[in-house]
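In the two complexes below, chain A is the common chain; its partner is chain B in one and chain C in the other.
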Partner chain A sequence: MLEPLQEPFMQRALAEVVLIGVAGGALGCWVVFYGLSYAAESLAHSLFPGLVLAAIAGAPLLLGATPAVVVAALAIALGARVVGVSREAAVAVVVTTMFGLGVLLALSPQSPPGVEALLFGDPFGVTDADLAAAAALAALVLLSLGLLHGRLLVVGFDRGAARALGVSPALADAALLVLLAAATVVAVQGLGNLLVVAVFVGPAAAARQLADRMLPTMLIATLVAVLAGVAGLYLSYSAGTAGGASVALAIVAVYLLSLPLGRWFAAHRSATPSAEATIA
Partner chain B sequence: MQDRLLIEASDLAAGYDGTPAISGITFSLRSGQRLALLGSNGGGKTTLLRAVLGELRVFGGTLRVSAACGTVPQTERSRLDYPVSALDVATMGALAALPWWRRPGRREREAAGRALERVGLGSLAGETFGRLSGGQRQRVLIARALVRDAGVLLLDEPFSGLDRPSGERLEALIGELTSEGRGVVIATHDLEQARACDLVLCIAGRQIACGPPDEVLADVGVLEATYGGAIVELPGGGGRAILPPHHHHH
Partner chain C sequence: MLEPFQLPFVQRGLIEVAILAVPAGLLGTWIVLRGLAFFSHAVGTAAFPGLVLADGLGFAAPLGAFGAAALFSAGTALLSRREEEGRDAAVAIVLVGCLAAGTILASDVFGSGANVETLLFGSLLLVDDGDIALAAVAAGATVLASLLLGHRWLATGFDPGSAEALGTGARGLEIVLLGLIAFAIVAALSTIGALLVAALFVVPALTVRLFVERMRTWQLASIALVAVEGAVGLWLSVKTDAPPGATIAVVSGAVFALAAMARSLSAPRRPALAAVALAAAALLLAGCAGGSGDEDGQLDVVATTTQVGDFVREVGGGAVAVDQILQPNTDPHEYEPRPSDVVATAEAELVFTSGDELDEWIGEVVSDSGSEAEVVDLGAAVPERLPGERSGEEASTYDPHWWHDPRNAEAAVREIERSLVAADPAHRGVFERRAAAYLTRLRTLDAGIGRCMESVPAARRKLVTDHGAFGYFAGRYGIDVVGAVIPSQATQAQPSAKDLSALAGLVEREGVEAVFPESSLSSKVAEAIAAQTGTTAEYTLYGDTLGPEGSDGATYLQMEAANADAMLRGFTGGRRGCRIGS
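For the complex of A and B:
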């Protein structure tokens, strides 16, 4: 069981999936409750050209991903202002454009070998520098979520009343999208451009079945993301399957397992209502 | 505290995406007053409440709101599957007084607990919001407004879907809030509710009438214009009912 841990690449891969799980699991709860799952997927796809450019230049992926996310966010904001274009349509147009651009670059002669790792992820290929950057971004995501918790809770619960309660819904949305971009950059190295959304949506959707308060939901989601990540790595190591895809599929498996558990949990809760709740 | 001007609207026009949904609204609400906002569905009641909350752009006229507002939206707007307790929701009222980096702590939660006691829900503070009854949810949102120390409460059809005891309980609570000098705006379809208020504002996209209930509600023309239908006297002194327009010629 512990044998694979002797390998330095496996140690780095484990550290990477733990960081991904911690940042993605906790943030994913907000992504799910704010209905941002599609935005999360879009954001990941739209930073693809930045990743490819960074790979061509031999620069850290973070340096390519960050400007690509900013360009995509600005393009979506501008596109949605065009009369007759819905926000959803603007997102779809921008994301396919960015992704298409990324594929063009990836298939160019200058493109280095191994670009498919950007699409499908390679947790075994992370370097110490990648890990340090991922740790810093994960810390930023957690710290911000801690500071903003009360305000995110208000906007998610009752957007219409938020302003009267001293919270700007637009700022809460913007903060969440910035954190989502940061967490995507953390996770894309391990899970790849096409699979990264799994870590935001799967653990949070599973945790949602199993808890009825926000903090426990976030804790369970984090735990699920970390455990599924580690399980996926072991599967990949022992069965020789692709790393990113194994982690993503392990997350999906945990989500599927959570469905009957969630039903049991819900039945258990409704069997023991508080006395007054049923009367008044 | 008494006789403080809380809301003053003059020829107000407000709405969404550049198109005014309501216009020509003129009224004022003073402390201790209860105002009924009467109108049919789509007539602009919720739009006016959202304008008072500062959520919508004011296109014309003036709107001055000189007190913190607490809002009790219609139930479907507050998500029932959201993972929060009654105490969590009441605690949200404390955020406006805190700097952005501070989370509500023990002091704020204690204040929220006291507000829940005040609305008669102290024993349900730990219950999930979505599992409370409709009347209890209304009272949790009122507790949130109390924690916010709101001078104005905006209630959007608070009595719809409530059984009689819950309605009476809410009615008594609203009476207490106004006797403390808070102003209360109640959007409603119910003419009886409106009759119990100090002021009635009738709107149908634009303002139809505003004044004391015995003046406004006595005018059949006003009610017809508000609801776009015919008003009929119910037999046996049962009051008035509104027939939708397609029944008009019967």
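For the complex of A and C:
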């Protein structure tokens, strides 16, 4: 049981999975609530033009990735304000265009091959810098979500009412997307692209089956993200399956388990008051 | 102005995009109306496990793709019924499941997956009759379904609850729509590629939506816009020599941006604005049209990989015009041909390939460009062959990295000389003289590396690399390959904790001094293993491709010398390098 913990690469992978799980579980609940799963999956592709530009200029890849993904996030928020354009459709336009732009820029002879692969990490290749970034991200996400909680809740439930209360839905969207963008940049370096969407959507979707109110949902999602991450890494250690994919499968499995559990909870909850009523 | 459309393969691309415009435009309106953009993006990507299975078990790739897409649609339909906030999260989770399954299949079940990426990165320049037929079937099915079910889709779109109460069978309708979108997108995969599907299926319909509200008008205008953007993108791509998929994506994005700006600036709706915006975007992008002129009297030859291109240039000299398709900066796994590559292949008399699934895509380029070139497989001509890894089809019987044994390079150079002389007997003297000179340099290289390696005790020549590209090099110079970090050649393959733990143990037991990352791959896992075992990962090797111009691996001779130098430094703890006088 504790044998894998003696391997330094496993220790780092576990620490990274826990830190990203804390950030992803909490932020993911808002991502799912706001219908931003597509953005969570695709923002990483919009890094591409930034990476190529940074590589051509000889700058650190992060210097290109961060502005590119923030630009994409803001463009999505802006695009979704146009009448007739949903957030989902805005993601499609922005990500496809930015990825196409990246492909064209990568034609430049100075661009190194597979520049995305150079940035995208693997749970077993986590560096000290990745861990520090993940810790900073977890702190930033929890702090921002704490500060924005009320506003995000109002906007999420009723955009019209939010405006009347003096809360700007556009600002809430933009803030959430920028947080997601920051999380994407950190998480792709630590865990790779596949796990970003897994950690930011799966645990939250599972938690929503089990809880109604936002704070308990966030708590459950964080717990699910951390536990599934650890379970996936142990699976990879004992069964010899691909690391990132094992974590992703563990998250999917928890989600599938949450469906019957959620229905059972729902039935139980609705049964309780009526039972009390008959007694009374 | 219109001369790009005179090229036969561009005409075929134009026909393909005109046919695809029907399903893309029609379904695009439903995708936008019903919020299916994420689904339509994901269904192409989710084909991945099907492609891995098809490659591993040796059945037709489209079959695998359609199967995976059908499973994905069914899974999404099943889960989104239970998911209160709709389809979004369900799509993401099913997609994660598909990609994870594909990764595990590629990493742990089948050792190889080099053909997988070809379908995920399709090209409008490589359209064959099968692609056109498939697009036509998708178009027919879409038109038929829209005529039969369109009004009911519209009803469920506006109010799923009451539509269900009215008994229109909302679930069945939903599944038909999802299935149709999945079919049309997989049919389009081989021509536009998975990541750019939205450029045809979502963005144009969304653009028209800004100006049009009536369903029928919206549908017809969307079809027209897809066709126009496709044609403009294709034309631009030939003019600027860029891949058409990416060009169309940027064109459609730019048109949308201009249209959205026009729409929010001016309250009255003017459909004409869309046309103006389109023209403006086309002009905006037409900036850098470049032309290529070959000198006359040269033999036109195509080489696929960087090292094959280097060999052909060495032998051919000024008598041969070499179009080398892969550049040092292109990832062979993400290859999409440029128009100039297809033109060069169409006009070439000889095509030199590396062989063994490393450049299998060239077969499609040759046949779809209408080329009559003779294809010379250098991999089949080399004497030293190593068995491939865990292999599926016959194509991966051999390890494709043959050039890392200079004796194989010699055989390849002789084969190139033979082929060039046969194609252009007038320059026989030039080819023979240049080939002989280069063969001497190859032998010097071989002997030099041999001497360097012999200066290290055999027990210390222990190699751990990123992926298994150096079997030939190790075999030639008595190097013991202890292991590799990445379990297979497929780009999506990931290492497992168990294998890494075993590798780390092996590195420590065998007294390995260094782990060698490859120049074109992320070195993070190799560095983690090095850090854990107290070895170094500072010496990188050139594996699949030469380095860019000006690097220490810009030519084949430099690349092998640089690899030998890096290995020697790694073996000796940095005390000694390998210099080969030439």
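One rule holds in what follows: the second predicted complex is superposed on the first by the 203 of 280 C-alpha atoms of A that agree within 3 Å, B and C clash if a C-alpha of one lies under 4 Å from a C-alpha of the other, contacts with A are read in each partner's own complex, and residues count from 1 in each chain.
By our rule, a contact is a pair of C-beta atoms (placed from the backbone, for glycine too) under 8 Å apart; a residue touches a chain by one contact, two chains touch by 3 or more.
Note that the structure is predicted; figures quoted are calculated from it, not measured.
Participant: Considering only the touch criterion stated at the top, classify A:H149 as touching first (chain B), second (chain C), both, or neither.
Facilitator: In the superposed model, A:H149 contacts chain B only, not chain C.
Participant: Per the contact definition in the header, classify A:T127: touching chain B only (first), chain C only (second), both, or neither.
Facilitator: second
Participant: Looking at the overlay, what does A:D158 touch: chain B (first), chain C (second), both, or neither?
Facilitator: first
Participant: Is A:R213 in contact with chain B, with chain C, with both, or with neither (first, second, both, neither)?
Facilitator: So A:R213 only meets chain B here.
Participant: Based on the superposed arrangement, let me know which partner A:F33 touches: chain B (first), chain C (second), both, or neither?
Facilitator: Both partners, chain B and chain C.
Participant: Return the chain, chain B or chain C, that is in touch with more residues of chain A.
Facilitator: Counted on chain A, the partner with more touching residues turns out to be C.
Participant: Share the list of chain A residues that count as touching for chain B in one structure and for chain C in the other.
Facilitator: Common interface on chain A, chain B vs chain C: 33, 208.
Participant: Show which residues of chain C lie in contact with chain A when the two form their complex.
Facilitator: 32, 35, 37-38, 40-42, 79, 82-86, 88-93, 95-97, 99-101, 103-104, 107-108, 195-196, 198-199, 202-203, 206, 209-210, 242-243, 245-250, 252-254, 256-257, 260, 263-264, 327-331, 333-334, 336, 338, 487, 491, 493-501, 504, 520-522, 524-529, 531-532, 545, 548-549
Participant: Report the residues of chain A in contact with chain B in the complex, numbered from low to high.
Facilitator: 33, 146-151, 153-154, 156-158, 160-161, 163-167, 208, 211-214, 216-217, 269, 273-274, 276-277, 280
Participant: Considering only the defined contacts, which chain B positions touch chain A in the complex?
Facilitator: Within the complex, chain B contacts chain A at residues 50, 53-55, 68-71, 73, 77-79, 82-85, 88-89, 91-93, 95-98, 100-101, 103-104, 123-124, 127-128, 131-133, 135-136, 144, 148, 150, 165-166, 169.
Participant: Can you list the chain A residues touching chain C in their complex?
Facilitator: By the definition above, chain A touches chain C via 4, 7-10, 12-13, 32-33, 35-38, 40-42, 45, 79, 82-86, 88-89, 91-104, 106-114, 117-122, 124-127, 192, 194, 197-198, 201-202, 204-205, 208, 233, 236-246, 248-249, 251-252, 255, 259, 263.
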